[in-house]
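Going by the order they are written in, the chains are A, B, C, D, E and F; count residues from 1 in each one.
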Amino acid sequence: MNAGDTTWIMVCAVLVFIMTPGVALFYGGLARRKNVLSILMQCFVIMCLITLQWVLVGYSLAFGPDTGYGIIGGLGWAGLRGVGMEAHEYAETIPHFVFMIFQLQFAIITAAIMVGAFAERMKFSAFLVFILLWSTFVYDPIAHWVWGDGGWLGEMGALDFAGGIVVHVSSGVSALLVAIMIGRRVGLDMTAFAPHSLPFTVLGGALLWFGWFGFNAGSALAADGIAANAFVTTMISTAAAGITWMFIEWKHHGVPTVLGIVTGAIAGLVAVTPACGLVTPMASIPVGAIASTLCYFAINMLKPRLGYDDSLDVFGLHGMAGIWGTIAVGLFAVEALAGTNGLFYGGAKLLLIQLVYMSVCIAYALAATWIIFKIVDTVIGIRVSKEDEIVGLDLTQHREGAYTTLE
Amino acid sequence: MNAGDTTWIMVCAVLVFIMTPGVALFYGGLARRKNVLSILMQCFVIMCLITLQWVLVGYSLAFGPDTGYGIIGGLGWAGLRGVGMEAHEYAETIPHFVFMIFQLQFAIITAAIMVGAFAERMKFSAFLVFILLWSTFVYDPIAHWVWGDGGWLGEMGALDFAGGIVVHVSSGVSALLVAIMIGRRVGLDMTAFAPHSLPFTVLGGALLWFGWFGFNAGSALAADGIAANAFVTTMISTAAAGITWMFIEWKHHGVPTVLGIVTGAIAGLVAVTPACGLVTPMASIPVGAIASTLCYFAINMLKPRLGYDDSLDVFGLHGMAGIWGTIAVGLFAVEALAGTNGLFYGGAKLLLIQLVYMSVCIAYALAATWIIFKIVDTVIGIRVSKEDEIVGLDLTQHREGAYTTLE
Amino acid sequence: MNAGDTTWIMVCAVLVFIMTPGVALFYGGLARRKNVLSILMQCFVIMCLITLQWVLVGYSLAFGPDTGYGIIGGLGWAGLRGVGMEAHEYAETIPHFVFMIFQLQFAIITAAIMVGAFAERMKFSAFLVFILLWSTFVYDPIAHWVWGDGGWLGEMGALDFAGGIVVHVSSGVSALLVAIMIGRRVGLDMTAFAPHSLPFTVLGGALLWFGWFGFNAGSALAADGIAANAFVTTMISTAAAGITWMFIEWKHHGVPTVLGIVTGAIAGLVAVTPACGLVTPMASIPVGAIASTLCYFAINMLKPRLGYDDSLDVFGLHGMAGIWGTIAVGLFAVEALAGTNGLFYGGAKLLLIQLVYMSVCIAYALAATWIIFKIVDTVIGIRVSKEDEIVGLDLTQHREGAYTTLE
Amino acid sequence: MKYIVAIIQPHKLEEVKQALEDVEVHLITVSNVHGRGRQKGFTEVYRGSKEVGLLKKIKVETAVNDDFVDTAVGAIEKSCHTGKPGDGKIFILDLAECIRIGTGERGPAAIG
Amino acid sequence: MKYIVAIIQPHKLEEVKQALEDVEVHLITVSNVHGRGRQKGFTEVYRGSKEVGLLKKIKVETAVNDDFVDTAVGAIEKSCHTGKPGDGKIFILDLAECIRIGTGERGPAAIG
Amino acid sequence: MKYIVAIIQPHKLEEVKQALEDVEVHLITVSNVHGRGRQKGFTEVYRGSKEVGLLKKIKVETAVNDDFVDTAVGAIEKSCHTGKPGDGKIFILDLAECIRIGTGERGPAAIG
C-alpha cells in the first residue's frame, strides 16, 4: 500500500464525485426555468440511490468474483462483504475500499448523464425505478464485461481506459432510445427552447472538465507516468475539441457561441476517455478535433433531420464521442502505453476488437433499455401529463420554484 | 514525514476550505433576495477573521500545550511560535503547519454554520464581535477538551472522529439559542419565506458534500485504511439520509423536493461526522437514515410547535444530527476501528462517555453563548432596526444589491 | 519519482485549472447582464487556445533548453518532443508531463486575468489573435527569464516563488495599457455600471482562493515543508488583506461590502504569490494588509483621478498587489526558506534584484503589448462598434443571451 | 385608438404572437406578471413550511387603431381559448395619444 | 369599470392581497417595478464607484366594477398606509372593455 | 391628469431620468418589458436551433398633471430620439384619479 497512490485515488473519487453536480448544473442551465429543479433533483437522487445500490449489490455484480463465462459478478461482495481496508488485486497499492468508492462515482455519473435526454417530461416516480433498473441491468453487467475480473470483453482484449463504452456509449445510446420512446416535448414544434441560464451551464461544464481529470487520470489507479499521460491527453483533447467546435460553428452559423465551445470541450473529454492512458499527447489532438466534428454533425444535422428530441444532446455528445473515442483507441493506441498497437502504428487487431466490443455493448444496452422502459411505462407510466409538462416539472413533480420572482 | 500523507492532508484542508463558500451558497440560496449578500459576507468575513484569530491565539488555545486540568491550551503557540515545517506528535507524518492549517478550516466552518440561524436580521458589526468571541470562548475550549493534547474529555475516552460535537453540536445549539434570543423575523407570521434561488442551494449542498470527504477522511490524518473507511461511510450515510428524507417527505407532503433531499443529505453528513472512522460502512446506513428521520421531525414538527425562528434550520440539521451521530458512536463503534466497542457490539461504557461528553459540551456552549450574546447586545445592539430588516440587509448593512434588476 | 509528490502536483494542476472558471465567474458577475457570456467565452477559449499553443510551442519557448543568453527557450520541446513520463530536473520526483501540465495552468490563468481590463468592448476575433500573440511573446519569454533553465533573471537571483511578476504584474500592466488604448466604455460617464450578479462574483472569488492553494503551495513542486509554508502564508495573507480592505472601506464609504472583502482577499492572494514559499507565516500578515491598502488606493483614488477604464480593476488588483509582493520578497525573505535574506533580515541585495527584475519585466510587457495591440487593431480592428457595445457583446458577438427573461 | 392589455398563460405567448401577426398587428410589448384569478395556484413546499404562490402569467400590450380592435381581440381570444380556468383576460383602455419617438409622428399614424 | 394600478412597498404585498380579498376583490395582477418617488434611494457602493439605484416596488393591478372602486382603493390605502415617504400611489383609469377569454364574457360580467 | 407610458431603449434610461428631472417630473415607475416593433431582433443560436427573441426594452410610466404633459413628452422625445428604428413609443392615457397613500391626498395634488 502506498499513501501517495491512496491519496491520488481518494482525490480522484472526490473529483469524479463533483462531476455529477457539474452535469446537473450543465443540464439545469440548459433547461427551461420551470424545469431546472427537476434536473437537479434527478441528478441528486442518483447520487444517493446508486450509492446504496452499489454497496448493496452493484459493486458485487460489476466487480465481484465472476460467476462463470465472464457475464456477471456474483453476490459474494454484496453489502461490501469482504471488501475492506486491505488492498485487492484490482489496485494493489490502495485499500480495496478506495477502489470500490472510486468505481461508485463512475456508476453515478453514468446514470446522471442520461438525464439530459428525457429532460422536462419524465414522471419522477417512473424515473426513480427506471434509473435503478438501468444501473443494475445495464451498467453493472457492461462494467463487468470489460473491467471486472474475468469479464469476457476484457479477456478478449477490449481496451477502455476510463470508460468510453462503459460510461458514455452505454448511457448515450440508451438515452437516445428513451428520448425516442418517450416522445418530443410539448411546444417544441412552435419554438426553440432557449437555455434559461447559460452561466450555470458554463459553470457545470467547467466542473465537468475539472472532475474529469480525476475520472481519466485516476483510472490509472496510481499516481504514475500513465496517470500523467492520461492527465495530459485529457487536457489536450478537450482543448482541441473546444477550438474545433468554435471554428465549425463560426463558419456554419456566423458566430462562435459559448455554449458551442463548452459543448465541444465535452465532446473532447468524452472521446479521450477510453483513450487517455493509451495514446500519446499529440494523438489526442485529432481525437478531440474529430470528436467535435462528429458531434457537431450529429447535433446540427442528424437530430433535426431525424426529428427525435434528445433534449440536451446526450446521444449527440456522449454517444457519438464515445463511439469515436473507442474507435480511436483502435487507431492511435501505442504499445508502450496500451501493450498493443493501433492501426496507425501497424496493429489491425485491436481496432477489430474495439468494434466488436462497441457493437456488443450498444446492442445489449439498447435491448435492455427497451425492456426496462416498457416495464416502467406499463407499470407506472413514464411521462407526465400534458398539463403538468406545460406548467413545468418543478411545480408539478416537486412543488418547488427554482427562483422567487416577486420581491 | 510522508509526502503521500502530507499531500492528503493539504488536499483535505483545501476541501474543507471550500465548504465555507459551500455553506454560504447553501444558505444564500435559501435567503430572500434582499439578504443573500449579507449571508455571503458573513461567511466570507469568517474565513478571514477566524484565520487571523487562529494563527494569533486560537490554535494555541485549542491545541497548544495544556495549561493543566485539560481545560485550555496556553499561549505558548500564539503567533505560531514553535509551529513549523517539522512534524508534531498530533500527526507524525506531516508538517505541523499542515495539521494547524487543516484544523483552522474546522474552526472556520463551525462559525459559518451558525450564520443560518440568525440570518436576515443581525447587525453586521454585532455579528463580527459575536463570532470572534464565540470562536475564542466556545469553539477553542471545546476543541481542546476532546482533541487537544491532555484535553479532559479526550482523556476520559470521548470519541469524536471528525467533530460531531466540536463542530456541529456546539454550533447547532448555540445557534438555536441565538435564534431564540434575537427573535423572529418581521413578516414571518404573514407568509413563509421562499428560497430565492434553489439552484444556489443545491450547488452549495454539493460543495458541502464534496468538501466533507476532506473533513471526514482527512480526520484520519493519513492516507490509510481508516481514511478509506471514513470516506466510504461518509458517502453511504449521506446517501441513506438523502433517500430517507425524500421518502418521508413524499409520504408526508405528497411530493419529494430537491431542497428536501439536499437537507437530508446534509443530515447524513453531519451524523456520520463523529462516527465515520469508528463504524463500519454498513452501520453508516442506519446512522444516516435515522439522522434524516430525527432532523425531519425537528424541522417539520418541533420548530413550528415551539415557534422559534431558526431561519435556515441550523439546530434542526447540525444540532439534531450531531447529537444523534455522537450517540451513534456509542452504539455502533467497533473495536477494530475505535479501539472499543459500542453498545451493539457489547460495550456499554462508551455510550455513557458519549452522553457525558455531549451534555457537558451542550451545557457549556449554551452558557457561554448566552453570556456573549448579552454582552454584544448590551454594548452594540445585536439586531437591525425593523426598517432595515424590511429593506433587507444587503442594502442597509452593505449598500450593495445582489443582482441588477433593470437592464 | 514519488507518488506523493506526483499526486500533489497533479492535484495542484487541477486546482489551478479551476481558477480560470473562477476568474470567469468573478468577472462575469461584475459585468453587466448583456456581457456576461462574452467574459465566460473569453476565459473558456483561453483554456483551449493556450493549451494548444503550450504543447505546440509555448512550453518549449518558456521551459525548453535555452538558446543562449537566457532570453528564450528553443523549439526543441515543441510538440512535447522529449517531454515524457520520466522526471526532468525541473522537478525531480514527478513525471515531466506533470510539471509541464502544471505550468500550462499558469499560462492559462495569466491570460484570463487580463480579460477584466478590456471587458465589455473588445471584438472577439481581435481578442483571439491578441491573446495568442500576448501569451507567446509576453508570457513565454518572461516565464523563461525567471523560471526557465538558464533564464537570465533567474540566474541573476530574482525570486518569484509562484509568479508575482510572471503572472500578475505581466498581465496587470499589459491589461492596463490595453484598457487605456481601447478607451472607456460607452455610457460610463453617465452612470456607474453595477455588477449584475454579486453571488457569482463571490463564488468566483471563492474558487480563486480555493485554487490558489494549488497555485502557491504547488509551486514548491513537492509535498514538503516549503509547500506547507506556502499554504499557510497564502491563507494568512488573504485573510489579512480581506479584513484590511473591509475596515478601510468601512471607514471610507461607511459600510463594509462583500465585493470589497472579496477584492481585498484577492489582493492578498496576489501579493503573497511571489512570497509564499520565501517568507514566514507572520510576515504574510503585513504582506496581505499592505497589499489591500495599496490596491484600495489604486482603485478608489488613482483610477477615478486618471480616468482610465480598467473595467474590472485588473491593474488595480493584480498589477498593484503583484508589484508590492515582489518588493515584499526583497523585504521579508528569510534565508532558511529563500536561501537569502530580505532587507528586514539584513540583506539589501535581494531587494535591488527584485526591483531590477520588476522594472525589466514591466518595461518589456508594456512595449510588447503596445506593439501587439497596434498590429491587431490595424489588421482586424480591436473594438466593437458603438451600436454593438450598447446592445451588448453576448448578442452581437455570440448571438446568445445569458438568461431567458420571459417565461 | 385603444390600448389593449391581455393577461395570458405563459405557454400561449408564441401562439398569440403568431395570431396577432396574422391579423397585421405587429407591434407588441410583453412582460412577466403574476396573477391571482380563478385558476388555483400550487402549494409549494419548503422544508416545514408551505405557501401558495401567485401564478406566472404573461402580459401582452398592444396599442391599435379603432378598426383593429376587434380583429386583435379576436386573435388573442382564439389563440388563448381552452375553456379551462386560467385562460386569461383582455382589458381595453382608451388611448388618448400615441407618439413615435423616431419620427415625431402622432396619433393613428404613430400606432402601427 | 375601472382599472386600478397601485404602486406599493414590496413587503406590503401580502397585506394588500389579504385586504383586497377581504373586500371581495379576488382577481389581481402583480409585477415588479422600480420607482423614483419622494422616498430617497440607497447609495450603493461598488469598489470605487457609487450609484443611487431606483427603489424596488410592487405594482398591483386590478380591474373592478364601479361599485367596487371605493372599497378596493380603501383596502389598499388601509393596508399600505404608514405615513412615511414611500407608501405609494394609486392610479385609476377608465376601463372601456373587459373580456374573459375562457368564456367570451364581456363587460362587468367578465371582471370578477 | 394623464398617465404617460413610454417604451424606450434600455440604455436610454439614465438620459430619460435626467431629462424628466430637468423638467420637474420627478416621480416615475420603471420596469423591464420586451418588445416587437420595427427594429429587427437578433437570431440567437443554441447548438442546432435558432430563434429570434423579442428585444429588451424599458417601460417608463409617469402620471402628470395636464400642464406637464407636453414638457414631459418633449423631454422623453428629446432624450430618446436618434431616428433609427427602435427609438420607441409614448402612449398617453387619461387618468381618472390619483391617490397618494401616505397622505390620502387625491387628484392633481397627489400626482407630484
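Keep in mind that, in the parts below, contacts are C-beta pairs under 8 Å (C-beta built on N, C-alpha and C of every residue); 3 or more make two chains touch, one makes a residue touch a chain.
The structure displayed is predicted, hence computed values, not measured ones.
Q: Give the chains in contact with both chain C and chain D, ordered by label.
A: A, B, E, F
Q: Counting shared numbers against all numbers at the contact of chain A and chain B, is it over half, same, or under half, different?
A: Under half of the interface numbering overlaps between copies: different.
Q: Report the inter-chain centroid distance for chain E and chain F in whole angstrom, where each centroid is the mean of the CA atoms.
A: 18
Q: Averaged over CA atoms, how far is the centre of chain A from the centre of chain D? Could you give it in whole Å?
A: That pair's centroid distance is 44 Å.
Q: Please report how many Å separate the Cα centroid of chain A from that of chain C, as a whole number.
A: Inter-chain centre distance comes to 34 Å.
Q: In chain B, which residues are in touch with two or more of the other chains?
A: In chain B, 2-5, 7, 11, 191, 194-195, 197, 253, 255, 257, 259, 398-401, 405-407 touch at least two other chains.
Q: Where in chain D do residues touch at least two different other chains?
A: Counting only residues that touch two or more other chains, chain D contributes 30-32, 34, 44-46, 53-54, 56, 93-94.
Q: Among line, ring, star, complete and other, which best matches the way these chains touch?
A: Basically all the chains touch each other, so complete.
Q: Using the touch rule from the top, collect the residues of chain C that touch chain F in their complex.
A: Touch list, chain C to chain F: 187, 190-191, 390-391, 395-396, 398-401, 405-406.
Q: Quick check: in the complex, which residue numbers of chain E touch chain F?
A: On the chain E side, the touching residues are 2, 6-8, 31-38, 54, 57, 59, 73, 76-77, 80-94.
Q: Can you tell me which positions in chain E touch chain B when the two form their complex?
A: 9, 11, 14-15, 32, 34, 42-46, 53-54, 56
Q: Which chain D residues qualify as touching chain B in the complex?
A: Per the stated touch rule, the residues are 44-51, 53.
Q: Where on chain F does chain B make contact in their complex?
A: Going through chain F, the ones touching chain B are 10, 13, 30-32, 56, 58.
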